[in-house]
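Worksheet: the structure to be examined is printed underneath.
Order of writing sets the labels: A, B, C and D. Residues in every chain begin at 1.
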């Protein structure tokens, strides 16, 4: 994905976060969020291997071999950070103490189902912490490209890949649109500048309800 | 119970403990054990509220209000002591990481059943940590007077009071005798100096197997 | 992130029928200031989840003496004659829970688990009315998570990120109860700057903490 | 109380079909010295319980590459192509376990619990073949404790009482796995005198530790 697209998605996710929120960002695109937190908003980031209060990546040569995030990247700790074991870390997640998790997706559907951990017969990397994150976080945001490399919609009526969790996604933020999972169905709330509503509808296999106050 | 009787029971229990053992002593008579650990034997005592490595009671005026054992008495900590929360403390207990627990009893029976936490209609103080201790410790020793205040045997064929745990007692040490719970029944192994085997048998409702090498 | 409030403000959040998971053991590590404020507020029909019912004049025993409890889940009541009287008269409904089981049931709620399987209590009155699960030939009691509306705990110090450290055996159930409430209120001796507590020595991370009351001198 | 041994002595205790609960995450906090010794010993048909299968040349990945594993319970294999190959060829049987569930199942074994009830995995392949328990209208998967013969973990320092402290995110699963083995073997940077570690900052009490290997410089 082009850098500006990634940045735009990250910036849009960041708008959802409030001062004091506890947030876990998945590997890849979701990490872009951290670069766009508005001034004055203090958000605390968890890495599920066992830290609350991660800081930016260390300068080259400053890496500490014992300081990594859940993606294996080197991190730093901010003042007020705490280390804990992975059971407590997942207790934070599963117990609903985390305000947001932002995760990538292979597929997401209009019922809030998410598939992001395996493609049968191709690659089975394992679910890692994703199932717990999607099951437990107060709000689950999916960040992804709207269509796959072949141009097929990743926003579906029903996921066809093995699920990560059922009915837990609240918000889907893609390069094309922002969609909210509601009891009535998938609500198209925002369309990116370079696309029309029609573009989004055509690129989306799921049924979309167009919001009255569409932006 | 007379002081010398208490001391004798405590000293006999202490003989069971090996260097490096982790031990939890119940309230009352079992605490006598700590006064009789042989020289050269280093035993580590737990208090289940959340410390491993308790030391002797503090001198008067040296009490720390935040340093108590499970009986509410003031304690000290030895070098190498560790504090932990009560969930970990009971994980140590339930998970079989404790070598010995020594507990008092209202009744114990020849199947290794123990009743030590309530008398229906009279007093219901609650089981506290006793059920976990008896269920989880590798070896459960009961320390008590052989008969109750009315002279009735506390060593029974079957406990009549509500149980603390089923079939978990290994060794019963009283002012009169030492008895081991074996698959064949209750084995009388030692008789105190001032009593005869007949005295013990008469004072015991349970069936006793007299050990070949009775002391 | 937590908000700093007074003990009276903490007590004012608590309503009749609130379920309170309270830290401390035999009044050591009990949030005495918050308990006193609840006594002062006089809120009744409360449910209490705590290891022991403490003494008549210390710890949660004061809530008992002031007749503010309708029910309780505790493992030990032996140090408080008043709760024994109220149990006998039927004023308070008490579920006696083995101490280790109580810790796991509270922890389970805080950690989003439905419950745990434990051997503790098998063959005793504790198993009555409960589901017994056999796994690989071994029986376990299914012990469900204990939900609570408020966790009321006591810590030694907090930092401005809400991280907590405890002091000696006053730690006891406090880190567990800290996770076990929908809303967690902590009474501390003092609040220090973020970064002043060793991040390796923090026992309860601030994410579990909603409100902090600084103990009055 | 623990006994100090060498990595080779640790490896020699491990037999074919031993079940190993191994600490570390993506090779950070992995007991590399003990792993190397197991590679050198060449013991096969092992069962591995670990968060992630690490890299081909770091952490538990080395056991995979050396074809020493018959089966594994892991949450993530994506960083190790060799385990993917062995999964596809049927050489290794892998149960994929959600990371939080894996931690609770290992902890349960160490704490004498038969298992836990978790919502994680409901409606996914994880629930297949498992008992679903409904409590108060909510479904949970019954996840049994995972037994292990040996816990192999890595800590920063031990004291002579076996108490352990960890370093930063190298803590990860180590304190959990420390409780999860019938026999726990710890690799540490150094052993200090009892009393040198702050008793409030000890993460794993020595009661869980059976053997200690001091990391070779």
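In this text, contacts are C-beta pairs under 8 Å (C-beta built on N, C-alpha and C of every residue); 3 or more make two chains touch, one makes a residue touch a chain.
Quick caveat: nothing in here was measured; it's all calculated off a predicted structure.
Set against the C-alpha centre of subunit C, every other chain centre is closer than that of A. More contacting C-beta pairs link the chains of B-C than the other of the two pairs B-C and A-C.
Averaged C-alpha coordinates put the centre of subunit B at 29 Å from the centre of subunit C. Per-chain Cα centroids separate subunit A from subunit C by 34 Å.
Centroids built from CA atoms put subunit D at 31 Å from subunit C. Distance between chain centres (mean CA atoms), subunit A to subunit B: 55 Å. Multi-chain contact residues, meaning those touching two or more other chains, occur in subunit B at positions 77, 83-84, 90-91, 93-94, 135-136. For subunit C, residues touching at least two other chains, in rising order: 104, 107, 111-113, 118-119, 166-168, 200, 203. Listed by label, the pairs of touching chains are A-C, A-D, B-C, B-D, C-D. The part of subunit A that touches subunit C in the complex is made up of residues 19-20, 22, 42, 44, 46, 52-53, 77-84, 88, 90-98, 135-136. Only residues 104, 108, 111-119, 131, 133, 135-136, 138, 140, 142, 144-145, 165-168, 198, 200-201, 203 of subunit D touch subunit C when the two sit together in their complex. Contact residues on subunit C toward subunit A in their complex (touch as defined above): 1, 107, 109-113, 159-161, 163, 179, 193-195, 199-200, 202, 205-208. If you check the complex, the residues on subunit C that touch subunit B are 25-26, 28-29, 51-52, 74-79, 84, 87, 96, 98-101, 103-104, 107, 118-126, 166-176, 203. Only residues 47-51, 64-70, 72, 75, 77, 83-87, 90-91, 93-94, 113, 123-132, 135-136, 162-167 of subunit B touch subunit C when the two sit together in their complex.
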